[in-house]
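What follows is a pair of complexes built around chain A, which joins chain B in one and chain C in the other.
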Partner chain A sequence: MRQRIGFIWLFLVLILLTGCWDQNELEDVALVMGMGIDKTEDGLYDVSFQIVNPEQVSGGEMSQSSKGTAVTTYRDKGQTLFETIRKISKEVPRKLSFSHMVVLIIGESLAEDEGLFEVMDFTERFYGFRSTATVLISRGSPAQSILSILNPIEKIPAMKIQEASKKTAEVWGETPDQNINDLIQTLTTKSKEVSLSGIALVGDMQEGQHSSINEQAAPSTYIEINGLAIFQDGKLKGWLEDKEARGVSWVRNNIQKTVVTSTCKENEGILAVEVRNVNTKLKPTIKKGEPKITVNIKSEGSLQEVTCPVDLTDPNVIIELNKKLAKAIEEEVNTSVKTLQEEETDVFGFGETLNQKHPKEWKKMKEDWSSTFSEMDVEVNVEFFIRGTGLRTKPLILEKK
Partner chain B sequence: MNIWNRFKERMQGRKRKEQETSNEGKNSLDKNLLVNINHLKQDLGDSSDLVIRHFEMGGEPLIKTAAIYISGLVNEKNVNEFVSGALKVEASIEKMTQESSVVNSFDFIKGHAHSVEKVTVVSEWDKLLLAVLSGYTVILVDGYDEAITGDTKGGETRGVNEPSTQLIIRGPKVAFTESIGTNVALIRRYLKSPDLRFETMQVGSISKTDVAVMYMKGIASEKVLREIKTRLNKIEVDDIIDSGYIEQYIQDTSLTLFPTIYNTERPDSVVGNLMEGRIAIIVDGTPFVLVAPALFIQFFQTPSDYYQNFVISSFLRLLRVISFTISLLTPSLYIALTTFHPQMIPTPLLVSLAAQQEGVPFPLFMEVLLMEFTFEIIREAGLRMPRAVGQAVSIVGGLVLGQAAVQAGIVSATTIIVVALTGIASFAVPSYNIAVAPRILRFSLMIIAGSFGLYGVLMALFILIAHMSSLRSLGIPYLSPFAPFIWSDIKDSIIRQPLWSMNSRPRLINQQNVQRQAKSQKPVPSDPADSYSKNEKGD
Partner chain C sequence: MEKAKISGWQLFVLMLLFELGTAIVINPGLGAKKDAWLTVLLGMIIGLLLFVVYFVLYRLYPDLSLIGYGKKILGKYAGTVLGVLYLFYFLYIAVRDLRDFGELLTASTYIYTPIFVINTIMILSVAFVLWHGLEVLARTGEFFFVILMMVGVVGTTLVLGSGQIDINQLRPILENGWKPVLSILPLTATFPFGEIIVFTMLLPYLNQPRLCLRAGLSAMSFGGILLTWVVAMDIAVLGIYVASRSAFPLLSAIGLIDMAGLFQRLDVAVVLTLIIGGFFKIAIFFYAALVSATELFKVKKYTSLIFPLSIVVLLSSMSVASNSVDHIKKGVELVPYYIHLPFQVGIPFILLAIALIRRHIKSN
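So, the complex of A and B:
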């Protein structure tokens, strides 16, 4: 009997001493889908929250009750982020829940002036956040304006942003899809600099905030993933565009699928290849104290579009095309390496590879890595293999004659 | 406590003693026929269904005899045969006169009374009473303190019908009846073996109900058999009306929602269990036969699992266990996830749930509790409704409470879906008495989920499984073959292997005569290529 009472006590302790739970009725919770952080001129954080209006989003009979927007964006200012999150309760009648937040947008000016460290400390420390939210830098306009734009395809704009970021990383490869976790990992190492995808507002903000935008077949205002923001010591340094941005992805082995184009012969047309299976290996060497990185890219893909008269059944032609495509990729990588060396930011993670292979030498170089990086020798070798020619072998243009 | 028990014992003892003394007053028959008859009439309260037919036979002197029976309990035809066989008046008169000097008339009558089964001689008064009340016909002869009884049981009984509770698609379509004789015969027809034994005893000091223990000698475990008999012998009650009485008196513990003794109205199910070494208890007056020991997983099995393809059976068994879990857990998980752990629900689903919850006046927990309770009411109401009223119940239940409640915005549609799913899932469990367990447990789980979240649900499940592992059915662990884990018995548990691969009987239940079939019985065509070519040659 005594033993039994002991067990009951143990059990009660188990039940009563567990922390971190909370009962909330669903109708008392406001689901924050996206959060934007800007900084005002007088040094306060300007935080905006995109909150779902569930009744407007879900399908079924119940939602036809009233016409309104699917999300509402609330803003407030404060000295710290946490303060702002609690202060927003003055405007929002419900408890904010961050567990379903999918995007975190950081204002361009905040990233430029203050850097990411201050903001990211909070995002990691606060229990409410989920570290899988995509992090983006708003380009050209404050983060809060990005979050307030409605979208006709996805009812919840924040989800649209995340989807776009994921899809473009998957099929186009210019901009990586990075979440809070990835960002903090990169921020905390010295051997690699942060690079984040940018997001920009196209069109008029006032118009994009009105639900009538959802009734346009060709929306005049929308948001798009735009450019790659590069950082030095956590501060925004500049932007890479198109192919320069993709060069970074090639080196970092981040490309799942992308499209490479090249001319066939001298200005006789163009061909497009869908690249799959990219395998990039970085080989660091140190000669006489001078670091050197060899970037070996092996990739393959299949022809998707050919507008030049070439006989694709001939193996020699294919070998020729392989070389041309490899050259095109090599050029892309070289330009982005050159640009980044000028900017002195090692977003490739060359320092990281050096650290792994030559830790002793890395310790010496660590201190002024940026300048070493900007002067180091980088060799790029690209091999490309065409694995298929699509559903056709002979280009249609050959039939014209 | 102790004083109360002692008091009770003393009271019972006194009662029993009183009964004994009243019986002891005259427990032997009188030689005088009329005295006996009067005594009988007096004992049965001059009941109007008591039939006493007087005969006179023989020459000098006339032998007075009487046949006694109760009209509704006997088969009149059998009675006539018995009586006329024994007391065949015309033929006996001559014979009697010739032989009376040699044999006495009682033995003479007894010698002629073989037109029915089971002819015995009784000399005790209570045995005679029992015989009359069980549907025997008793012949009393004047001048002898003994009586001849013949089994003329009969009367109105229900015929053998299709099972009404355990329906299957493929398999025998026969169910037990209320008559123990029919039931035993139904089982015997499947097993033409001298090893099929059954031992009858009478339970119930007033009802004297026939209870038969049936088993396969050499397969059933002696230990379990002894245990069952001891437990049956311990029962000292006035009456046994259904096998449910027996079940409650012999089960290992009554402090559980889970049934530890299986019951079935299907002879094929009983036969299968007998052949696995289990023991059947047949109670007169009910079509439900008890089978013990019973395992948890047994309640998810149906006889037709063995009659069809093993893949289908395995899938169906899995499905039943899953529906059991669904009916146990869905409402509590729904409460726990939405109110405590919304981060575990995918965003679009959560948004849709939140939209429905918008404007519903009750907290989710109350809402689910209310609807589950309502569903239980509808189910219970529908169960006993006369067929004519039944439709009204389903209309009111389905339309008014379901659809209208959602449209009025009192209950969210998801709650209705959850409640409906729970209800339907509980119907998918083949055994009614194990399907009841989650019905009750569900409510406590819901309350725990509403106050402690998923953590509480897991804790409750933990306790539930601990409780289930502590259960025994006649000493056999209830959760076997999973706990304790017995690899060889997994073949016929949550899955069913092909029949040809199930060579041994369940190990825990049966430990002698383990082999059930010859090895390597996998069906293989005897060289099809060969026979084909032979046919060709023949052409």
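So, the complex of A and C:
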């Protein structure tokens, strides 16, 4: 008897342990890799989803026999994001799953007119989202057109976008790779403004959507990470280009690796170093109620390309070059600071630094921060150390006859 | 009374699991913003002092539970009334914890599962373990303690290793002065530290009474330090603005772990922690309620009460609040002040005072 009851228990447990109330069968799920959000003129969200075609990405011989794109992009409109996610079922025969989403692209005009607060609430609240997806602002064209461009390297365009964002942040440093969580953290911090990397379409959209684009050796249509979007109170305010954008990364200690160039003496030739081990420290001080930030950047690198006739075996030359490179970085940071002070947006987080070191004084300043920021004194000190000269010592140009 | 015996080590384990319980996932200190960790730490110190009070009472009456010495101290009638009040207190908190547990699971992972089903399964497992007695609960505790510690160590290592921590997010300390810290203090002192009063029902089963103080204080300090670390980590990872708006800061913080693309999506570890902690919290409160009822109404075996009281707890957990917002609001604004404070601080202090006066009169 006892055994029989035990048996019944075991069976009951079996039913419970499967926990299959919230089951999602694999063949009923559509994996969303990327999502783009735009706004139409009549105030509706225009949302596009990049969905994987499982057959095209699965390995083995199957994928070689079939010709098709690895992803399909679907679009729908609605007053809210969640609405569109469910409404899209009219087009997609499966239920959307967002747990593998890698990029979220927000349309430029949406970011400009409405700002980020409304859009981001859903991404944070919805259980299905992961806050590790990279967020980018589409530049010059709507988010949905960016999302639908194919490329030959990665079968799934969303993966390409994410990889490009990560890689460029790693080796070039102009644009940071920020995910949903990073964005919301900065968005909610009142002493810091948001900056996000941009992504732009080069070429013709119609052409880029066709799989024949992958048969070109030099694709005429592609997408690239482009510029740094600057926000004020969650609304897009402008764009920073190239070195101005990198200036922000220097200050925020976001540079992992990058390349700095400088002339040698008397404008003869140029040299390039690969910068590593950047360490930026912000030192806030307050004198007579006036805030001041000292940006101390320490960094090192090795020479990778030299086209000026200097003797690199001479330590004094290296010291000279260190100063030149430090100067180049300093100028870069200074222009960036100046531009942002004109724009009155503190994407550096100077306000937050002040708050952390001088909370009392910060409380007096915070109401009027953007104007205080635009007038405040910022001092930039850069130290640069060349640690190596690559595989050769003296530059080739010295051998020129 | 049950003829169970638990060792000092088992008491330590049960207390630790109880302290971590649901508090590790929904941290109570976050109302104090960046100083949440400080509030939790101060709450722990107050909790330790409270435990010393309970311990003195236990030393005065080593063979009796709270209900037992309540009767001795206050007399038969007043003592019984007090006992009934405590019975309802333990039941109510068991009910609240069960609801907490259900709300957390349905909001995080079991989106479409009715909360009633989750609560039923939980109360069934609690009833099953308690049917086998306190010793089985204690041994279950030892087993899950090891698992929980392993999850904790791995989780902490990965958070540290994935470089998500930005210690500057905790600065400045005391941004708005002491006021917010002190205003949240009643909350953190009572939940989860003051709730240790439920162990006054378990202490008579301890086989080595001399280990009581050591086990209790070390479990509470260890638990308190872990809770402090977790809330500090939540803020350092998420930033205070995200952390204080999250329903489950720990879940969001662990979700960000991505170490070399290899260790990621570890949210399930948090759910595991929640299930283990929730189980012991509910089980211990429920057990205390069962023992109280047995002693008060002179029932022979407490096992005969398990089934009816399970149904009471289950149904009450469904009706205790109309939705999660209502439930949390009650838990933050009413329960600590009007229920926890009198039962955890007021009554024990009065009991201790009367007991000491009586003893003094007797010895004279």
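The rule is short, and it goes like this: the second predicted complex is superposed on the first by the 377 of 401 C-alpha atoms of A that agree within 3 Å, B and C clash if a C-alpha of one lies under 4 Å from a C-alpha of the other, contacts with A are read in each partner's own complex, and residues count from 1 in each chain.
Definition applied: a contact is a pair of C-beta atoms (placed from the backbone, for glycine too) under 8 Å apart; a residue touches a chain by one contact, two chains touch by 3 or more.
Computed from a predicted structure; not experimentally measured.
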Side-by-side fit of chain B and chain C on chain A, or clash: fit
Angular separation of chain B and chain C about chain A, which is computed from CA centres of the superposed model and rounded to the nearest 10 °: 50
Chain B versus chain C as contact partner of A:I293, first or second or both or neither: neither
Winner by number of chain A residues touched, once chain B and chain C are compared: B
First, second, both or neither for A:P54, with chain B first and chain C second: first
Contacts of A:E27 with chain B and chain C, given as first, second, both or neither: first
First (chain B), second (chain C), both or neither touched by A:I184: second
Chain B versus chain C as contact partner of A:M159, first or second or both or neither: first
Touching partner for A:S97 - first (chain B), second (chain C), both, neither: first
Touched partner set for A:R130, first chain B, second chain C, both or neither: both
Touching partner for A:L236 - first (chain B), second (chain C), both, neither: neither
Least C-alpha distance (whole Å) that remains between chain C and chain B when both complexes are overlaid: 6
Contact residues of chain A, present in both the chain B and the chain C interface: 21-22, 99, 130
Sites on chain A touched by chain C in the complex: 16, 19, 21-22, 99, 124, 127, 130-132, 181, 184-185, 188-189, 352, 355-357, 359
Residues of chain C defined as touching chain A within the complex: 107-113, 117, 121, 168, 171-172, 175, 238-239, 241-242, 245, 252, 255-256, 258, 264-265
Contact set on chain A toward chain B in their complex: 11, 14-15, 18, 21-27, 29, 31, 33, 52, 54-55, 57-60, 62-63, 97, 99-100, 102, 130, 156, 159
Chain A contact footprint on chain B (complex, rising order): 338-340, 342-343, 347, 350-360, 363-364, 413, 450, 452-453, 455-456, 459
